[in-house]
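Chain nomenclature is as follows: A, B, C, D and E, assigned in order of appearance, with residue numbering initiated at 1 for each chain independently.
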Amino acid sequence: MINELMIIIFAPLLAGVLAWLLDIKGIREAIGVIGAAIPLAYLIQAYQTLSTQPSIQYSIALAGFKFEFLLYQINWIFAMIAGVVGFAAVLGMVSTAKDSYEWLFALISLTGVLGVFLADDLAGFFIFWEVMTFASFMMVLKYNRKASLKYFLLSVFGAYAMLIAIGIIYAKVGALDFATIQQVLYQDAMRGAFGTDTLFSRNEMILVFGLFLIAFGVKAGMFPLHVWAPDAYSETNQSYTAMFSGVLSKAGVYGMLVIYILLGTRLMYEFGKFGAAPKFGYIIALLGGLTIIVGGLLAALQEDIRKLFAYSSISQIGYILVGIGVGTALSIEAAIYHAVSHALFKGLFFLIVATIIYRTGKTEFKDMGGLAEKMPITFAMAFVAILSLAGIPPLVGFASKWLLFEAVIHENMPILGGMIFFGSAIGFVYLIRFTYAVWFGQRPTDLDDTKDAPLPLAIAMGILALLNVVFGIAPGLVAKELNKIFGKEVIGGTIYELNLGFGRYNGLLITIWLVVGLVIAAIIYFLGAKVRKVPVTDTYQAGNPVTMEYNLTIRRNFFLPLKETLAFWLRISFDRLYQDIGKWIEDLAETMRHYIYNGSVQAYAWYLAIVLLILALWGV
Amino acid sequence: MISAYYFGAISLILIGLYAILTKRNLLKILVGLSIMETGVNLLLISVGYVSGRTAPILTEGATPQTAVDPIPQALVLTAIVIGVATTALALTVAINLYEKYKTLDIEKIRGLRG
Amino acid sequence: MNPQYASLLIALPLFSAFLVPLIKRAGKKVILPYLTLVTLIQTGIAAWAFKEVYTTGKPIIVLAGGFQPPVGINLYIGHFAALFVLIIAVVSFFMTVFSMKAIDVEPIDKYAMLFLLLMLGATGMIATGDIFNLFVFMEITAISAYALTGYNKTGEASEAAMKYIILGGIGSSFFLVGVALLYGSLGTLNLAQIAMLASKMNPTVAQAALALLVFGLAVEAELFPLNAWAPDAYQASPHPVTVMFSAFVVKAGLYAMVRIVYLFKDTPAFMGILNLILILGTLTVVIGELSALRQTNVKRMLAYSSIAQIGLIAVGFGVATPQAVDAAVFHMVNHAIVKALMFLAVGYVAITLGCPCIESFKGLGKKMPLTAFAITVGAISIVGIPLFNIFWSKFRLLLAALQVGKTGIVALILGASLVEAVYYFRLIHAMWFEESKDEKVEENLAFSIIMLLLVALIIVIGVYPEPVWNLVQKAATDLYNVANYIKNVPLLGVSP
Amino acid sequence: MLMIAVKAFLILLYATFMGFMFMGIIRIVTARIHRRVGPPIYQPILDTIKLLSKKSNITHGLIYDFGVIYALGATILALMFIPLGGVSILRAYGDLILITFLLEIPMLGIMFAAMSSGNPWAGLGAQRALLTLLAIQVPLGFAIVALAEFYGTFSTYEIVMAQQTVGWSITHLPLLLAAIAYDIVLQAMFGKEPFDIMIAPGEISLGPMVEFGGKHMGILQIQHAIALFAETLFFSNIFLGGAVVTAFASPILNTIASLAVLLIKQLAVLMIAIFIGVIFPRFTIDQAARFYWKWPTIIAAAGAILAAL
Amino acid sequence: MVKRALAIIIILITGYWLANALAQVPFGADKMLVGKYYLENVKEQTGAVNAVTAVVVNYRGFDTLGEVTVLFIAATGVAALLWRKKRERTAKSEGSVVLQTGSRLLLPFIMLFGAYIFIHGHLTPGGGFPGGATIATAFLMLYLAFREYEIPHNVFEPLEGLAGMSYVIVGLIGLAIGGYFLFDWIWQTWQLGHANIGRLFSAGFIPIIYTLIGLKVGTELTGIVDNMVKEPKEGGQ
């Protein structure tokens, strides 16, 4: 059992169980942090190994299955995301977690997600998928039953869809490990190309693809399966949400990649291409595009800080899906890059939210304002995060988004191009709303003695913010690793520069010139006369003298006009649709139960007679 | 053409079933159950019968070649006892039910449902 | 040791049950400890038989009266029976401990006798190698179950018992008709010999006989729509008895059904009956889960859940590939463990707080943390979360079903599992995250130990299923491999 | 290194100067259409100098200052990436997407500064500005997509070079559509009617700008000038063929000529904007959003799809 | 009405199906397989003349043990379900003089006849069950005749248990001596009574077991009767 891959996967689990069993304040935090640090350390160490050999492999046999684990370039990247953001989130939890319950399930979910990334067979993949789902569900259940059930039901619905798909593949291929499945399906595609009968029929391929799409779509929060995400992300420990949104949703993204890895050739053969993208991928991309728009617009309309970022998460995942869906080497790399950057900035955001909630106890915009003065460190972090998410060069958010834009538009995908453009604008919109309502403007008096972030949270945020900046200025660091996936130079350039041939981006250059511009502006500024600081009430109020009693900041319904513009579309709610279905099933069950088990033994005897009749009819 | 014994046995079983399916009085249902059991026993016995042979008691005059199959008879003995046991218990339950519900109409004894 | 001593598995509970009227003279207080002692000894014997079978790899054939089958009746304690007899004994042992607190209705001596005979009946059903003897043991099980169902003597209990008796009576009558047809056609009652001769049987008779046998046993095995007695009986019977129902009584019926069906492997009716089991099993799962959804009585909810799980096992047997049977047997074992735990814990709550209704469970995490924890683990396990035992069997079962292309059925079952998740997690939420005014209750040490033991078992199997999986595979092979079964029974050369 | 610095400085000076001129032109032309005389063309420069030399300045905190500086800095950054005839330092990196983003960044700085003041008008203005941004983004995106797809490259400079051989972008149907859409978008980027609801002087007192005064306002004026220049320059480059003059032997003459060509094109763009702005009344924000999401979007999308085929 | 019509349809179809299957099991034909073996070997192997008895007690001893158990369960179950704190008989009047006298008179004869039936089980039709039932009728008669009659519970109950236990013990002795549970050690190991097949002292443990069964069944059925004729006293549970 002692293998580095096993340690990577199971260290958090063990730590979680230990922390839960010991349940001593101080010690459980220490164990938890160590448990999250071990995988990270081993993953960093594995980087060395991977530079000398293509992969690290391990397998165990259990309960009649042979579980394969494989660490290679793609999942190393994803595992690193999990490692880094997971570690940061766990650090954050040192401040925000209230009891050992949270430690247990947060760490189990980290194990789950690491397992999903490292598994190299469908059985293991499914198992860890379930572990991850369950643990994260338990994190939500503690806070809100309804939200958690919605999350769990949709997730498990997805997981079961995946199970059926796995079963169909298993029935035909007879194996569960990725290598065999990939090979068999590849050969099947070849067979089809030569006109002989294929192993899988067209309908089966549609079914398998559809089921996988549902499975991974749910986890990734893809429209229209996203409805769980806003509630689940917001109704839990926000430090944990950093991991939840930053890492767990990436499992869905990774799953989409698994579709490519396993079924790509076969699906491509069956359905052909749409432009440069495979048709099946285009479906993913289109849904991804819709996800961007829906998530973004709804994010702008939220009144709760947690919900805003939850929807924002959905929206950002949409980008990744678009990239994956387009399916060229470049777009996939861009998508993975965006996955990295999303994890970094969204992890950071949720840690910021955690800090705010931890310090103020408030979650709604209407109760906040003017916190920038009171929490300067947190605000600085927020500033980095905002710039990164909004896609402002030279931060990592821009680098990945830029790659994605180029990759998509270069493949002549106008509709998708329009969608992602819209998405980046909407990102601006909701971020400013967050900035305005939380950090600026008039501060409610009950927030006057708010303190800045506690040390563990500050460290956690610092790590993520630093990475946001570093990977933005030196995007080549990430690109270099991404290129290893395909074994060729898909993204050219140096450590600071991304060069695609039809477009280039140099992070360092932009930084330098931004500094130059700022210096010029600063010179002009400092040439002017001295400034005098005035309070927020001392502003232009069209002649009305105001005091702190007046609420000067628009905190509620900030984007009311947008809401009015979208009134028609907002009436359509998939959330409500699912709830209606759920309620309908419950009512049906109720009626049916009272009808079938109606209490009369004679009715029951009739059931027996009917079965007898069926048997008789079958026999005669 | 089916033999009269089989016919009788099947008829008894089905009459019992009919009673269970249509009668509302618990005791009648139990009677139906008993009729069914009787029918089954009759069926068992008739299966073991061999034309022209006697009871399998091997005293003078009876040889293994002139005796009918002893097994069904042994089985029926067991089955009868089991039937008795079931009936006894069922009647006991009926007593208890009557005490609690003051009725034997099974349409009215529907406390547990859904 | 002489393998024939395995007959003690039957003899001991019988003897002990007959002894109870004498024990009663020493006072009512000694009856339940006596019961515990007996089940403990039974566990010992079962463990010995288990060890014997699994170390030698050969089944124990107990010949009653020293006559070789098919002349005499034989018990066939193969891998499956050995495993299950052990489970029966262990669960019974736990339940005797539980009974000490749970049973406060007189007459306790009769309860003890019925309890022992219920255990005996299930043991016999699983162990026997003769179809009529199977009927007898089935009736022993059923009649003692009838009596125990009505044991509380409330209106509900009597009503449940009445339903059980009527439905069970119809079932057993038709079972016997099936036996008659079988005997009339083959002239033998020994299961191994029936299997040997089945292929030569007249197909019409074979179909009718098989259908009737399955019909009769399906009533015991709770397949929808023959399971209408079950929720009532589960709800109304004393808590330890409910545990026994769920943990092994019903499973014994299911086992018997499957054993018989597999004997007819070579007849034309075989595929049809498998499909029937498959369909009934699926319906059982779906309707069971849906019925459990809005229950306010937790015990009844568990009853429906239990029914649904049985349906799942039936589906596994209905698929009838070696993988599926492996999985189904594994599920049987897992389900026995989990449901024993659940019903035990729920029963404990019911007797402590007055009723098994959902109100008692609100804030249970504060009132009875250990019990609540046990229920939680059980619920999580049943829902099929990895790292808990049921996941493995459910997963394997569904994979096996998918492997033979039963996609629709699997989809239905999975849909039902979603429903299951809903009500179980509602329960968990109610237990841990809803407030209640009641004080903390001191939890009984013995029950706590039992519950923790079962919880530990659930998690150990969940994390490292290997040992149990190996056992189960052997057990399933024993069930599935009919040729081997025929070979293992030393049939006397009586043949047509 | 020094050369680059000098060049950059010259570009900056030229852009600032021209930007102020543009601002003056806008005022004069508007006035003329209104049948007024209007201020002299250098009036904006005077205004700015006045603002910068004010003795008393107020601030609302660090962000208030930084936002303003950031806005100007980012505008300068954006300017450097846009090809300016023969003189350009970073045109090799002048990526379409990058520039599009860079042109939006200054707004972020202004928003930060405005909102940190706590003035409700500023908040309201920010909201409207953002919604306008959201509204224009869709047609803008499609227009950019159409360009990139038509030329198969994202480099502005390469697009300019390509136009020298295949003719101006607007001579091709897809790009003509894109250009029309982009021009409508430009109207909002300039903050001209009918899409000036975000500053709506009579209603919310200039919105985001309400609180600025003194050197802050001065810096923003400079920023506005440069942005005006940069935006028209960008449009001229990508749709109107830019300017590559190689007719003269002397590179300096070439440069001057190209600047002149560009200037004419920029003025043309500006004039259109002014004319539209003067004719139309102000849209409310939801009207604007609906408008942008309908016609310009359809036009631009049609362009993009045509370009993709 | 619809219900009845449907019931009839179901029944007819089921009946047709069963008849159809039974038609393949010809009535009266010699279908014996194991049965033949029994008939041929019953005398040597068990010493019983009555093959049915031999089958019941020897060859299929497990069935009989189970059968006894079933009856035992029934008795226990009836007792358990009808248990109340206080119960009494509620018969309105005593039996008539004829009944009273007759039952007193007949009691020993009925019991004797019952004993005869089970003791001679291996020779003539009959055995433990009918014998026991016959004995029980004697007590039933007493109950009918006398309002206040009660069986001696403290004798019957232990007797019932003892008889059952003894049956198991007989089986266990077989296990100890012959190596098989329910092994007929008297006939096969000790070889007692081989000379008098067809007479009373033969057939190994069959008479012993039948006696035990007879006692057991008699007491059990009596117990059931006793339980059923009583009703809970007012105020008792």
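In this text, contacts are C-beta pairs under 8 Å (C-beta built on N, C-alpha and C of every residue); 3 or more make two chains touch, one makes a residue touch a chain.
Since the structure is predicted, the reported quantities are computational estimates derived from the model, not experimental observations.
**Q** Kindly list the shared contact partners of subunit A and subunit C, in label order.
**A** The shared contacts of subunit A and subunit C, listed by label, come to B, E.
**Q** What chains do subunit B and subunit C have as common neighbours?
**A** Under the touch definition, subunit B and subunit C have A, E as mutual neighbours.
**Q** By CA centroid distance, what chain is farthest from subunit E?
**A** Following the centroid criterion, the farthest chain would be D.
**Q** Sort out for me whether A-D or C-E is joined by the greater number of C-beta contact pairs.
**A** Result of the comparison of C-E and A-D: A-D.
**Q** By CA centroids, point me to the most central chain in this structure.
**A** Per-chain C-alpha centroids ranked by distance to the global centroid put A first.
**Q** Can you check how far apart subunit B and subunit D are, centre to centre, with Cα atoms defining each centre and the answer in Å?
**A** Here subunit B and subunit D have centroids separated by 99 Å.
**Q** Using mean CA coordinates as chain centres, what's the gap between subunit A and subunit D in Å?
**A** For subunit A versus subunit D, the centre distance works out to 35 Å.
**Q** Approximately how many whole Å separate the CA-defined centres of subunit A and subunit B?
**A** 67
**Q** Take the average of all CA coordinates in subunit B, do the same for subunit E, and state the distance between these two points in whole angstrom.
**A** Distance between chain centres, rounded to whole Å: 16 Å.
**Q** Can you pull out the residues of subunit C that are in contact with at least two other chains?
**A** Expected reply: 132, 136, 139, 143, 146-147, 150, 153, 158, 161-163, 166, 170, 177, 181, 184, 187, 189, 204, 207-208, 231, 291.
**Q** Residue numbers in subunit B touching 2 or more other chains?
**A** Residue numbers touching two or more other chains: 13, 17, 20-21, 29, 43, 47-48, 69, 71, 75, 78, 82, 85-86, 89, 92-93, 96, 106, 109-112, 114.
**Q** Throw together a list of every chain pair that touches.
**A** Result of the pairwise touch check is A-B, A-C, A-D, A-E, B-C, B-E, C-E.
**Q** Can you list the residues on subunit C that touch subunit A in the complex?
**A** Touching subunit A: residues 162-163, 166-167, 170-171, 174, 204, 207-208, 211-212, 215, 218-219, 225-226, 228-229, 231, 272, 276, 287, 290-291, 293-294, 326, 380, 384-387, 391-392, 395-396, 398-399, 401-405, 407, 410-411, 414-415, 417-419, 421-422, 425-426, 428-429, 432-433, 464-466, 469, 473 of subunit C.
**Q** Contact residues on subunit D for subunit A in the complex?
**A** 8, 12, 52-61, 63, 65, 68-77, 80, 90, 92-93, 95-98, 101-102, 104-105, 108, 111-112, 115-121, 123-124, 126-128, 130-131, 133-134, 136-138, 140-142, 144-146, 148-149, 152-155, 205, 210-211, 214-215, 218-219, 222, 284-286, 289-290, 297, 300-301, 304-305, 307-308
**Q** Within their complex, state which residues of subunit E touch subunit A.
**A** So the residues of subunit E touching subunit A come out as 7, 10, 13-14, 16-18, 20-21.
**Q** Note which residues of subunit B are touching subunit A in the complex, please.
**A** For subunit B paired with subunit A, touching residues are 17, 20-21, 24, 29, 106-107, 109-114.
**Q** Which bits of subunit A are touching subunit D when the two form their complex?
**A** 275, 370, 372-373, 387, 390-393, 398, 402, 405-406, 409-410, 412-415, 417-418, 420-422, 424-426, 428-429, 432-433, 435-436, 439-442, 500, 502-506, 509-510, 513-522, 524-525, 527-534, 536-542, 552-554, 558-559, 561-562, 564-565
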